[in-house]
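Note that subunit A is present in both complexes that follow, paired respectively with subunit B and with subunit C.
Up next, the complex of A and B:
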């Protein structure tokens, strides 16, 4: 989410003074770093690769090449370099953070979070890994962990808007609007910003005030369409106010900015499935699953597509696993009943059907309680 | 070659329809709205809208085509709201019966006929329950229902109490059908929600500071009613002990059909915010102690018509059934609220269905619409069933919340081509670009030209009468079936006909649409063929006779008596 702002190339700060006796090979590295710093990434990559062909165990070159790859979006290549560097020199400065960032960028959020935890433990007061870790946790839906992580920082750095924004987002998503509002007010003091409208819109979305959320999120989009997550939430508001075409377009924009936006991938997959664009839906779900490998909604969508495609055994396996983990997941029970009936396992189908009826009856009672009596 | 005037007119009309379907804006419309000034139908529905926004205000009205005086011309019945515990109209409100003057105009005969209602009416189901050859009228309501028995002299008598059909609560669509094949029409009545007694519920103020119509999920579901016709003018409620009693729903639409071709009429019920029901008729209950009870097995989930593909209940409203694609089995249709899309369920011939709405342009066309009245019928007599849908969002304030969903919505028309439905609404004429808060929809040929016309009930407005202008290039035969041992309306009969080397079939279903009742005659279109070689009618049990007519006359209605 905030990754572009946090992208660190700190390793470039490693001084040229390290080279006591420059030779022709070291000149290649020196040239690579100059090119890298000058923004000629293609040239830098070429130079790093040339250097590494002669000095394959140069941790500095490996790490820098990883950074150059990351800079041009070749995150998988970057990961290979970082991992090699860390294998040669565990704990090499910045490599862990950059590797975590590369994992994050390739949707391997859980792995990224694990690495960031490690970096954070090693340097508890370093803000950048904390912010990136919080962002990963938000992407994984672990709002409480974000609150736990950032609250002490927010107390020590009340004017840090990045902390306020991330913590406020977590609080709003965790259904703690009152605490979130304090942080929104803090951000508001710094003027009209896309971040503020995004936070406000998110809060209203969570509260079910969809038209108001749509208005706020539209302002956020107007002020900064590059703000991470803004199109994802805008898409949700559009969907909730009955504009699936608008939502689809917004989700596509969200994914253009961040192909691993979990919500955009999941919601777009649902819309695509409804439109029977199954191949594209599966691609979205694959990316969503990379971010949250065990997410039940993603797994359910995949199982539903398997059912749609007539892959009954695969659907049954997945659905059985889902309802075991989430016995109150009514839609999964409906799908599982359907699978059993199609497999001619009537008794199993009837059992699932009875569960569906029980769950729906309970939901009905709950819904009845939500109405005023005049 | 010299053309007769009739042939020339037919060709000219056919050319017009083809031009319209090819997108020629100068072509005559497929359906043309007949204004009240021309039709003489001045009646206007009063939806009783109040600032409190009581839900019954949003759901009516139904409408019907019927030939109440047996003169061979379709008359029209329209249902109105009326006094009830939350509505005390300042002026008298009534339902309306319009007699067809046989010249494209109608005359209000409500007072003389004695069918003005007096309850908060919802829908209408027409059927000859006493097999006397004269259609009777059943009116559903928020409040008690009404059964009007036809006196065969242009008047009706309210026999509700005597018949045992008072049916309290909030009833919506109803259907006459012979579930036990005893030759008498029984009655299924959809029950909507438990709307409470004196403590009426509303959903308080919305963001606009106004009360709004509750989403029905807030109200308790109820069981629908099944009445057995005793054959002596009375009915017995027989749902107890059946899946119909056990299945608590929020019924809005119902169609009686035979989904498994076993000769027993089944019921498909569209429910709002809870799963749909498919009551498959299994015949007499053979369980010990059942004492003659009939067995209906609710199997919508196994049949895959209960929930959306995502496993969620939807807001089912209108329904219909027909052998849409000529498979010999009945397919099902259900219309839902916006964002849910409507479903066209193709019969897999094994008591299961698959939703093929997307492949037939239905899902795409209906994502933002809320559908109520609907009917499969062959509007251009090409031999293939088409589909018309009446739409409108139930919430009059929806446009304040949604930038894309409207309260008034356009009608939809689908034409079947090469085994698929195609959305031809944009080419169907101005009536399909005008938005309405439409509810009920009935199909009937009011001018006896063999082209089926449509009447639509509009919430809080005048009905819309649509005259079919598709032209007469395709030949047709209209059948008015008359059962003798079978029920007089021949509900459940199967018709096969051969023309131009093609054999087609149709089942005479009952109900379908929403709150509405249709022309009981069946119009058989034969496309480009010149004549029908034979027609075969398989009468429902207890008759079970098969009757064949060779070389029937064309382009006219004929009566066929079971024999």
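Up next, the complex of A and C:
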């Protein structure tokens, strides 16, 4: 998403300035940074670790070692280093942002967003934390918060395509296609881009025009298959147009690019459950839950798997809690009715079944009145 | 909030009625011990739920079927052992051999063909109510843009696997649809899974030759079991269809009945329908099933049920009315048991 390289360079620059009185130990740090800059990350990690064995409280080395770990995908190790650095020197430049980025990469989106809020408050005009925060909020489905966050920036920086894209995506996902279209047009002025087709495809997907969405999203994939979320939305369009095998492949590609893509994890879990690949489905749901810990759809899928596995009491507990929070969640009432009947609790099953009938009848009335029922 | 689920399958669960001859081999093997069941079942509609175009009795008996729907004309003509679907818009013509015939024909049959390794469901079906071709159920809202789309709807392998799995036996759905070992129609092992192992164990006089007794399933479990193909209550409740289109999905309709009791064996599917026999068409034959609860004798045994003030014969005629399904050219028995008042809206 947002390349951490700029942050790294800033850190490295700080590091270079710190070499006032080189001694043998400081030479190790100097060498580590040279290796780091040259792209020899394994060598840099070794050197940082050697240096830290002698100077365990070097905030610079801890932070740089975190950056090196992050570079090779060892995000959990990176988090340990960043947190140690921040403990020694709270508010250390860039360590908070890098730590947030590591949380983001490991799917701890909520924690990342919390840290980014803090960074944003400390430096409200800094664009990088704002964009990363907006991306976290999008991943968590908090579209309104993204709109609130980015609207003032979009007004001040009308030519910034990253802002236009993130804000446009939030508006489209928030069912505000007219406002979203303004930003799509802004991006369109800069030529035929994958971002534009992704936005257009997303809008059509939301509007229920699935074949048209599929065509737009296919173009987005063709233009830039590395664009974040592109395979996730392409998968949804394939699924909606009756190609679950294609959707499965698309979701797998989405997860190869971002293992914590919420939608891809959730939808792939649904497909895998239908194919009886329960262990893999549970792994997907675990990752989805890391991104959105209390998401009802994820909790519902987990309950459905418990029901499938015959764990009736676990399924009942989960479903009861879901319908308590979301009394109009028809699927959950349906599953709960089934659970009650299997537990020989006929009266409770009948009650749930009656609720389903009532909800379905209400949905049909709304449909007849032309109200879009989701 | 709603998790996506796979596209709805336009499953033509034609009701059984016509006597149909099927490949007897798998039945004979089970029939060595279960003779009465296998003999009766061989004549049932479920046993003839799928046939190849080559074996289709209806396509053989009706060598030329024609229809015109919108811009397109359709002909299904017999040529030797093949039946060819020809679609034309007056300028161009597409000819494809029909591969499979879904449904045993008492209500209708839908055809499936392949082009370039892709499966297509024919846009026209045969309807016994009219004795001819008409638009396939579920195709009403699909506008074809070319001859191929006019010939049929592209069906993905997963959906096609579900179709075959309900209409045939030994269908391999994953990792890829494999019909190499498929047997046409619903045969013993489609419902009695593990029948082959059971047979081998019996031959070897081995202990552990028992199979799962489907008769031991509870009312709710049996509803879900039959609902694998006839649609469960939960499937229809979540995904629809709603409205008269769901009159074909008996487990859903029955479960909505006021008298449905998930724990009462008197209301389960097999209380009225012997799965090994052709469906009973005499209305009076079902009276004893209703009377199992709604009779003085049942009340004496503790049933807290009401008695009908109108009559005691042919209960289902009033309480399970036969309803027209638009486009099917046939009536379906509504399994939502109720006091069906004239002109009352269709309950959903």
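Some observations on this one:
Here is the rule we use: the second predicted complex is superposed on the first by the 358 of 374 C-alpha atoms of A that agree within 3 Å, B and C clash if a C-alpha of one lies under 4 Å from a C-alpha of the other, contacts with A are read in each partner's own complex, and residues count from 1 in each chain.
We take it that contacts are C-beta pairs under 8 Å (C-beta built on N, C-alpha and C of every residue); 3 or more make two chains touch, one makes a residue touch a chain.
Nothing here was measured: the structure is a model prediction, and the numbers come from that model.
If you put the two complexes together on subunit A, you find that subunit B and subunit C bump into each other. In the superposition on chain A, A:267 makes contact with subunit C only, not with subunit B. Of the two partner chains, neither subunit B nor subunit C is touched by A:121. By the touch criterion defined above, A:297 lies against subunit C but remains apart from subunit B after alignment on the C-alpha atoms of chain A. Judged by the touch definition given at the top, the superposed model places A:244 against both subunit B and subunit C. In the superposed model, A:236 lies in contact with subunit C only, and not with subunit B.
When the two complexes are overlaid on their common chain A, residue A:212 makes contact with subunit B while staying clear of subunit C.
By the touch criterion defined above, A:331 lies against subunit B and subunit C together after alignment on the C-alpha atoms of chain A.
In the superposition on chain A, contact is made by A:360 with both subunit B and subunit C. Of the two partner chains placed by the overlay, only subunit C lies in contact with A:344; subunit B stays clear of it.
The intersection of subunit A residues touching subunit B with those touching subunit C, taken from the two complexes, comprises 241-246, 270, 274-276, 330-331, 334-335, 337-338, 341-342, 346, 349, 353, 356, 360, 364, 374.
Looking at the complex, you find that subunit A touches subunit C at residues 236, 239-246, 266-267, 270-271, 274-276, 296-297, 300-301, 326, 329-331, 334-335, 337-338, 341-342, 344, 346, 349, 353, 356-357, 360-361, 364, 374. On the side of subunit B, the complex with subunit A involves touching residues 52, 196, 199-204, 207, 214, 217-221, 274-275, 301-302, 304, 306-307, 309-313, 338-339, 341, 352, 358, 363-364, 367-368, 400-405.
Contact residues on subunit A toward subunit B in their complex (touch as defined above): 209-212, 214, 241-246, 270, 273-276, 304, 308, 330-335, 337-338, 341-342, 346, 349, 353, 356, 360, 364, 367-368, 370-374. By the touch criterion stated above, subunit C contacts subunit A in their complex at residues 1-7, 154-159, 174, 220-221, 224, 233-234, 237-238, 242-243, 255-256, 261-263, 348.
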